[in-house]
Amino acid sequence: MNETTLKSILNSVARGETSIENALQTLKHLSVEDIGYAHIDHHRSLRKGFPEVIFGQNKSVDQIIGIMERMNQWEKIILVTRIDPDKAATVISRFKDAEYHDDAQMIYLAKDTIPVTGKGTILIISAGTSDIPVAKEAFLTAKAMGNDVETVFDVGVAGIHRLFSHKKMIESASVLIVVAGMEGALPSVVAGLVDRPVIAVPTSVGYGSSFGGLTALLSMLNSCSSNIAVVNIDNGFGAGYMAAMINRV
Amino acid sequence: MNETTLKSILNSVARGETSIENALQTLKHLSVEDIGYAHIDHHRSLRKGFPEVIFGQNKSVDQIIGIMERMNQWEKIILVTRIDPDKAATVISRFKDAEYHDDAQMIYLAKDTIPVTGKGTILIISAGTSDIPVAKEAFLTAKAMGNDVETVFDVGVAGIHRLFSHKKMIESASVLIVVAGMEGALPSVVAGLVDRPVIAVPTSVGYGSSFGGLTALLSMLNSCSSNIAVVNIDNGFGAGYMAAMINRV
Amino acid sequence: MNETTLKSILNSVARGETSIENALQTLKHLSVEDIGYAHIDHHRSLRKGFPEVIFGQNKSVDQIIGIMERMNQWEKIILVTRIDPDKAATVISRFKDAEYHDDAQMIYLAKDTIPVTGKGTILIISAGTSDIPVAKEAFLTAKAMGNDVETVFDVGVAGIHRLFSHKKMIESASVLIVVAGMEGALPSVVAGLVDRPVIAVPTSVGYGSSFGGLTALLSMLNSCSSNIAVVNIDNGFGAGYMAAMINRV
Amino acid sequence: MNETTLKSILNSVARGETSIENALQTLKHLSVEDIGYAHIDHHRSLRKGFPEVIFGQNKSVDQIIGIMERMNQWEKIILVTRIDPDKAATVISRFKDAEYHDDAQMIYLAKDTIPVTGKGTILIISAGTSDIPVAKEAFLTAKAMGNDVETVFDVGVAGIHRLFSHKKMIESASVLIVVAGMEGALPSVVAGLVDRPVIAVPTSVGYGSSFGGLTALLSMLNSCSSNIAVVNIDNGFGAGYMAAMINRV
Amino acid sequence: MNETTLKSILNSVARGETSIENALQTLKHLSVEDIGYAHIDHHRSLRKGFPEVIFGQNKSVDQIIGIMERMNQWEKIILVTRIDPDKAATVISRFKDAEYHDDAQMIYLAKDTIPVTGKGTILIISAGTSDIPVAKEAFLTAKAMGNDVETVFDVGVAGIHRLFSHKKMIESASVLIVVAGMEGALPSVVAGLVDRPVIAVPTSVGYGSSFGGLTALLSMLNSCSSNIAVVNIDNGFGAGYMAAMINRV
Amino acid sequence: MNETTLKSILNSVARGETSIENALQTLKHLSVEDIGYAHIDHHRSLRKGFPEVIFGQNKSVDQIIGIMERMNQWEKIILVTRIDPDKAATVISRFKDAEYHDDAQMIYLAKDTIPVTGKGTILIISAGTSDIPVAKEAFLTAKAMGNDVETVFDVGVAGIHRLFSHKKMIESASVLIVVAGMEGALPSVVAGLVDRPVIAVPTSVGYGSSFGGLTALLSMLNSCSSNIAVVNIDNGFGAGYMAAMINRV
Amino acid sequence: MNETTLKSILNSVARGETSIENALQTLKHLSVEDIGYAHIDHHRSLRKGFPEVIFGQNKSVDQIIGIMERMNQWEKIILVTRIDPDKAATVISRFKDAEYHDDAQMIYLAKDTIPVTGKGTILIISAGTSDIPVAKEAFLTAKAMGNDVETVFDVGVAGIHRLFSHKKMIESASVLIVVAGMEGALPSVVAGLVDRPVIAVPTSVGYGSSFGGLTALLSMLNSCSSNIAVVNIDNGFGAGYMAAMINRV
Amino acid sequence: MNETTLKSILNSVARGETSIENALQTLKHLSVEDIGYAHIDHHRSLRKGFPEVIFGQNKSVDQIIGIMERMNQWEKIILVTRIDPDKAATVISRFKDAEYHDDAQMIYLAKDTIPVTGKGTILIISAGTSDIPVAKEAFLTAKAMGNDVETVFDVGVAGIHRLFSHKKMIESASVLIVVAGMEGALPSVVAGLVDRPVIAVPTSVGYGSSFGGLTALLSMLNSCSSNIAVVNIDNGFGAGYMAAMINRV
């Protein structure tokens, strides 16, 4: 429930089109709705400018559908992250407008076109082809939150000239998300080139002593560049969300 | 060397006050000056809007002084981080305007008052009294980069009402830095209250299984709030720098 | 074998209804029964007020059934933890009264209704919907041990007002179990609100640097609240057991 | 500020002995007092039945004294933990009634004899002589919170008969704290003997792969006994606090 | 190839029953036979009193059969460890006398009854039912190496009286193998009771912070009893082998 | 695209056989070709003497084929590493000359016989039979890069005389690759015997506290021999590549 | 108190030289003596053939002296391990016959020459000069327990021929202790040469990724030789004790 | 003892200038000299082309001097690594020609100028000023082994243009050593630019989650560039040694 929805209810009451009884009924669910297995935070769109996002992993299909049904009454956009194709197929069959992005393992349900409200462009860079699914999760999230988003994929440090060939795009972005697995060196290099905030996303791409992304994570946390902050391994969603927050400041 | 200094050299040449010979001599150091033990990146103020910051740990007093002397010719502000009181005493005796902040273990050399150029207010919150030194490092860095900065200390989650008593200040900040050791829970709670980017800084405050800040670090990386990104343990400097970058977007 | 069963045997002997021969035969198994692959501790109900609980993981169906058959002769309640649905189906088909709770992955065999003997109410709080299975394991265990148990699910710190809407229930509990994955911050916040013992249960919910629950575990061990003690990752059973012990003190 | 203090202020107002002006002045500090480097939680004694305890590590002598001075106006008991002898000497010279326990590294300031309000006896057992300092921290904390506390030291599993010689004391305790370093096996054995809650405290006693207490911590978290919950390494204070909470249930 | 086989070849030559040509052909394989994917160490039975044991994990069925065929010409006993049922079925179909023990995941091929040559009795104790597979691997290995071996299973420290009921057997063993998962406390307790060497075997039984047996391993390495040495997690084979070596000293 | 290809294009232009238009078209892809999901670094063969190698893990079959198609226009040799048999079957059906080595999980596409350009012999030694797949990956890589390569398998330190029987081959190699899992001791021993560089490759062969190769990795990094450097766990490819680089120095 | 002492008391009573009163007084301390900070296990010499050994680390000088004074009444040999030179100086000044070995950091108090009761020779091998202190601790312990002990120092795998020059001594030992830091490879090589039990002792010698001996420890636990068992890092005492136990079997 | 020394002894015997008796006396120490606390490997210069290097850490001054005295009779160059200034002062006072390099913490004793025998130039690059001590250790080692060595310091990835300004030197080196702490990204970038082997040296420079160099180590092991192999944290000596070996291939 964002401010627009709220205002329209109040206007409707003001105009006598909605009885106070009905409006009350509607608004009392506004803050937190307890449906047993979940406390849905309807107030979040008002407080944080974007509704709760459903973390699909470990939730049953029924739980996901149940939460979406409640949210669907109030929200214009619903995201479900970390949902595998099997569970997603059942879920999207229940909601028109819902689409599944299988690289990002994400359900995206938008009732209208989302207007661009972010100030500048968010640029998402991936070190390798294998990092693209995480980059896509960031892309979809930032898009859903009303931003212009651009992408450059597979420009890791083993051939640094690949990166430099996109220098203009890099220098004109207002926020950058850099996604990398293995040694996770790319965010340091990118951050050294710009005077903009860089969100570094380690991925679990690699093997052996990459330890499921731990190496990339540690590498990014210890960057010798200072305009970097880091999110969890494979957390494309968090990076996209944080970048959107920054792009509104 | 920031844009102002660069322009004044070029103007001086244009006006014939400086010979081309002299200007060349000056500018050829502009990019990178190799002094044997260091490559000073004079270009950084132009590229990133703020000069290189000297990481004091592991450097000798002579090395620090040597680097500062070269930077001092071009820059209006010089910061040295992670320098202990003994080394700092020798260093500041050599530079007028240099002052040492012993809680933050930082040297601060500003030739003029730094004008505020950041858009909103940066708020720095610490969970405990013991986290203040790291918070101070963030404070001094963000100040040096031209920001309005406010602080609230010792409002950790063991008594959450202490935090809520500062709700107004929290909601009006444009970027928040939250510093916490031990279980590192505070950034999650703060981020849940605002629609602004939160930079989380884990500290090494704690004992036993806090493992020198690792617990707080992991906790922050796994936050269930999404408007959070994390910097290295005790990296107040990086948090202040990142917040300043965001406050300019 | 609890005290009631023991007394009824002795009474039966006293009344001449059971020969000494038969009683001896019965009682000689009382302490420890060695069935080759297991030493069944029949004495435990006397010593600890609750019979041995069967840890299902790594045990074969035959082993579980074998142990249950021996216990079933003496005990009024039998619990099997960490048993997957396939193995459970075979097991419960052999024991009437046995029921399987598939969210908690637990078999529950109670011959009678269990009387409430615990003094106050045990409240179980989960941070997320995904933590419910662990919370359910705690719930069933505490119930089986004779306690009034209540639950509040999905009230994590990303929207702290969800927690506060249950303040009354929280303040009236005599023991609290708080279950959380990811950053594991909820127990610290809850413990800060009450003057009661809090059992913190980390769960393996999360990904990347949650490291299978390690992050939540470390976070809880380093809580800045002091009325907290912690059990193993996903150990809902242990938390329910410990809470029951406390509720009897 | 506990309930007694609060009542006496209100009575004084009721009797006209204190002006409303003065009472207001007094009470407005009641909730949280912000002294710059600390937010003192005066409300805690009301909310949790025991005042805030000062974590001495990483705090300066001046900060500790400053906090104690404010607390001293309202509280009957003040504890400072993890304070080394040098800092403690300065601090206790400023407060009559303050005494320093150098094995537990704790300052103890009690204005009156503390009445016993806990229901049963808390028994503290240590595995070795080297674990005594941690056990003492638990002892002093539980004492300060109004409990009968007994101790048995150096009865580790290498000579298990030493433990059994205290069987009576063990079986009559209402809550047990078991402190052990190295392999941390003692709490499992003790918990197997009783039907009471056991708080396990790992210590950093050991060397090599004891990893500063990590081994004992992990051992205790994985106990095959179920009536156990664990606190941080060397956290005698937390164990004493938790035991006191349990002893009141 | 043990000493008996070697002597019989030499005798055969001495008696003129075998030509020098043939004997040479035979003996030249004696030391090391290179079959491309393996260097078979035929000399090992002479040097170490027991032939090479085949580590089945990661080897293909063809490789295992190939190695066994060569060994089968010279050795009276062949063991294959860590071989799953599918691979084992194919392998044992090729060698008469070969039998598969599916709890221990081990192939055992003995041409004759193995005479007992070890001096005393090796006693194998397991903490739980779930630890039996590892205990069985130790059992089969020690048996194959010519020892009297006895077993006691499921006598962990949660009910320590179960252990004490076998005191006589424990005190009369010459070497003890103690197998335990979870907190791994049993070896410390057993070693405290005897003046004999104890081989401690940690198992991967457990969950959460047992970290696949790491906790039990660390626990055993830090035992406060001194007559303990430790082998790798789940390494029943190594424990049986080491015990056999000791039983011959 | 290596120097030969480049020269032939230029010659063709010089001879008027290719129009400048066409040559331009050809050469503009030379540096980096962006195909959306990948930036193909055609320049690499010129810069590094060997084309980019495709890391198959985490890439889809379509992505691998797409990249190979572009490379196939310019390169004489293409390698794909870490590709499982299913994906490989589809890929090699699309490229004649492509062959799949299923022990090394590698696709090898060479248009011509590769001439030997390396100076000396590269010797690859494996500690066990189970380490052969990693050794084979190194073998194929070094072969593809134009080297004489020899192998000795299964000569680990448990029977050190197996190694010594190959002393001549060991002493005559110019570079050695030593592959070992478990305790990873073999590279130290080999390096002690020669005055040549040794590339140590830890493998994930082992169980329990081998932690997926971490133990072997750490062991090799701490070698008391000095002519050793280490690559990632199971990184046969990197070892072969590095050895080839050394063999050209 | 060993059997000899016990018999002499009983004989003295039998001969009427000691009153029953006095003998009782003497014997009642025999089992466990509680001196507040320690439970002295006087029974241990009877049960385990060697008295309790005092772990000096973390104990105060007064505690060590107090324990020694009680033990001194009954025991013929007292060992204190891990005691630094300062504390040791005070302690040995109080006991004639006590001597301090500063390489092993051990106090050794033997009233008589210790007769050799072990069956064969214990051989202690160190990989480097830096490992000697740990080897010496093993040496003194095994000596004190009545064994012939020999030593070979600094024969690590970087020059394996140094080891082979002692082949005879190695092959004639009945138990071997092998002490190594860094990569910890030596025990595997030694164990491959003999058919005797090898106790492997990792040391903290090394730097960087030796992680205080963790690398050597893991290496030894994963040995491809099977006649190896491992003790804690730097635990020379435990190795000597275990070897002595084995040498008596 | 290198080949030259050996030949001169043999020539001297041939010419009758040395008696066979004396020559024998001399040569019998040649292989390994056992001086109790060390086995000096005089054979190493013959076998490996460079004498044993003394690891100073954990050795006493007397041990170092003792070893040097024996080596000094035969060798033309002696290195001692990881020796602190205090110990070094005593040592160098005993050997003329010995000099101490206090940045590298190394003693260097060369009787003559060392001739350059390496084929190309070894280039040592450091990421930061703080990494110079480790780089210097590599420098001195490679120099001592007869190589042309050049250095470029402080060209880390935060300002990547600093590196590119040395492109010519980088491309003309035959072997490169790249030294970096913190995120350890520099070796990946450098290796991407050249077709030469790169030895990566992680340093312990950094704080917090750099974990004493572990982050840099892991980062380098997971490099997406393939011409990289890694040595232990801070192991400048090993890097210099390995580079020298490569430069001779």
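For clarity, chains are labelled A, B, C, D, E, F, G and H in written order, and residue numbers in each chain start from 1.
Keep this in mind: a residue touches a chain if its C-beta (ideal position, glycine included) is under 8 Å from a C-beta of that chain, and two chains touch if they have at least 3 such contacts.
This is a predicted model, so every value here is computed, not measured.
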item: Chain labels contacting chain B and also chain G; value: D, H
item: Chain pair, D-G or A-H, that carries the greater number of C-beta contacts; value: A-H
item: Distance-maximising chain from chain B - centres being C-alpha averages; value: E
item: Interface residue overlap between copies chain G and chain H, same or different (over half shared); value: different
item: Option in A-C, E-F or F-H whose residue-number contact pairs overlap E-G by over half; value: F-H
item: Centre-to-centre distance between chain D and chain B (centres being mean Cα positions), rounded to whole Å; value: 38
item: Euclidean distance of C-alpha centroids - chain C vs chain D, Å; value: 28
item: Per-residue overlap in chain B, given as positions that touch at least 2 other chains; value: 128, 158-159, 193, 208-210, 214, 217, 221-222, 226, 232
item: Chains that touch, pairwise; value: A-B, A-C, A-F, A-H, B-C, B-D, B-H, C-D, C-E, D-E, D-G, E-F, E-G, F-G, F-H, G-H
item: For the chain C and chain B complex, residues of the former touching the latter; value: 127-128, 156-160, 182-185, 188-189, 191-193, 206, 208-211, 214-216, 218-226
item: Of chain C, residues touching chain E in the complex; value: 31-32, 36-39, 41, 43-44, 52, 55, 57-59, 63, 67, 82, 202, 204, 212-214, 217, 232-235
item: Chain A contact footprint on chain C (complex, rising order); value: 128-130, 132, 153-155, 158-159, 161-162, 165, 205, 207-210
item: Residues of chain B touching chain A in the complex; value: 47-50, 53, 119-120, 174-175, 193-197, 199, 217, 221-222, 226-232, 237-239, 241-242, 245-249
